[in-house]
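Naming follows writing order (A, B, C and D), and every chain is counted from residue 1.
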């Protein structure tokens, strides 16, 4: 799986004194950048071949300012033109153990904007995605 | 169902020239404020009795800057201490028909922070929630 | 002057329990939309004729969740190709008087992206801006 | 001066295909964390001794997605109870030279929330800030 570590930004907290729930999809989007590069190596904004169909997030524990978070990203399932990304946020708890504080899935579809339709994932791209397969 | 209409904010767009996907959970949180007030009429930040357990969003169509969006919010299911909010974003399409462009659910739990445990929803709160029940 | 009223969004607060400072430029951008329309009536993203040169914000008092804010927007000065927008945030204080809690200025430049240079403001646009002149 | 490097997050772009102007104050806040720690080593949210009085940002060049930005942070001036932070954003240009794309200042005040008044900066804190003095 892919791994990326962020410091929490102060403005990402809310008045309940932990990270606001709506921030997690922002972290997940950021951590999917290596997946964007599989389909769009130059991150060309004029030819972006992926659309986001849906996402889900489960919140397991409060996320606290002042301690880094690690986002782990893997591939859960690959279909014909779509695939499902699994991601989780880890942060150290009070006992200083790294635990999962949020997790979720995102369904992406390879999409041809010119023809306005879904496009099958090539074998080359499929092989790249499989390197990040989530262990079952 | 509850209804609230927003103008889209320019900073909510992204380089693909539509509203960024991560904005929809922010709109949904904002549109749930009447539900927060059922459990916390004064919006007292020291005694916030709800936690968010999970959310899902399905993206149906691109959301465009320059046209207002309407967020419709209702209650899908009420359990013992938790309940599920259904929300959708509507925007006018090219034919100027109001259509659903995104929809999702959020599971909230009534929570006692002092005792650190879920709390059953009272009959009075249940009755208020039922007024916003999503038609089946 | 122009006036627009927003409810504060919960995610706009931070762990100090008031609105995070970085939110005010976002509100100001949103409230400048009528000015964008002077130069770009259709809000055409392919021909956006304004660039932002600078902004300043002064924070006068804390901004609290749960009470609406009003953004007032006017024109402070018009140059050859640039102009300065003055904006302020008002919110009710503990005595329920509407007071200024933040204020700032933004310098915008009319810009021709094709020729990559600043463009003089036409008399027609100048006349429209002057209708929102801040009283001295 | 302090230095911190970020990847740009996709949601930080806008429909003009560069980073939205309102993001720069968010990066600056994030990069001031070492300064927060001078006054609040544990980042204790119950005793936050600084308030933000004002900020300014000058935008020098467009900031592009896909290339990291470096935020440089230093101290420009120290008064009795307030001080001014200077910050700039650097990014590689088309010739791959690191150039300043935005810069700004933030005025912070040491504040005692219990007594509700500004507090003089101690010699020890002053000495720490002076280590990051911006070269003149």
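Here, a contact is a pair of C-beta atoms (placed from the backbone, for glycine too) under 8 Å apart; a residue touches a chain by one contact, two chains touch by 3 or more.
Every value quoted in this text rests on a predicted model; they were computed, and no experiment measured them.
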Item to check | Centroid-based (C-alpha) most distant chain relative to subunit B | outcome: D
Checklist outcome for this item: Note: subunit D sits from subunit A at a C-alpha centroid distance in Å of 28
Item to check | Rounded Å distance between subunit C and subunit D, as computed from the means of their C-alpha atoms | outcome: 22
Next on the checklist: Counting only residues that touch at least two other chains, what does the list for subunit C look like?
Outcome noted: 10-11, 15, 17, 20, 22, 26, 29, 45, 65
Checklist entry - Based on which chains are in contact, what kind of graph results: line, ring, star, complete or other? => result complete
Checklist outcome for this item: Contacts from subunit C onto subunit A in the complex sit at residues 10-11, 13-15, 17-18, 20, 22-23, 65
Checklist entry - In their complex, what parts of subunit B are in touch with subunit A? => result 15-16, 20-22, 25-26, 29, 45, 48, 51-59
Checklist entry - What does subunit C use to touch subunit B in their complex? => result 7, 9-11, 17, 26, 29-30, 33, 36, 42-43, 45, 65-66
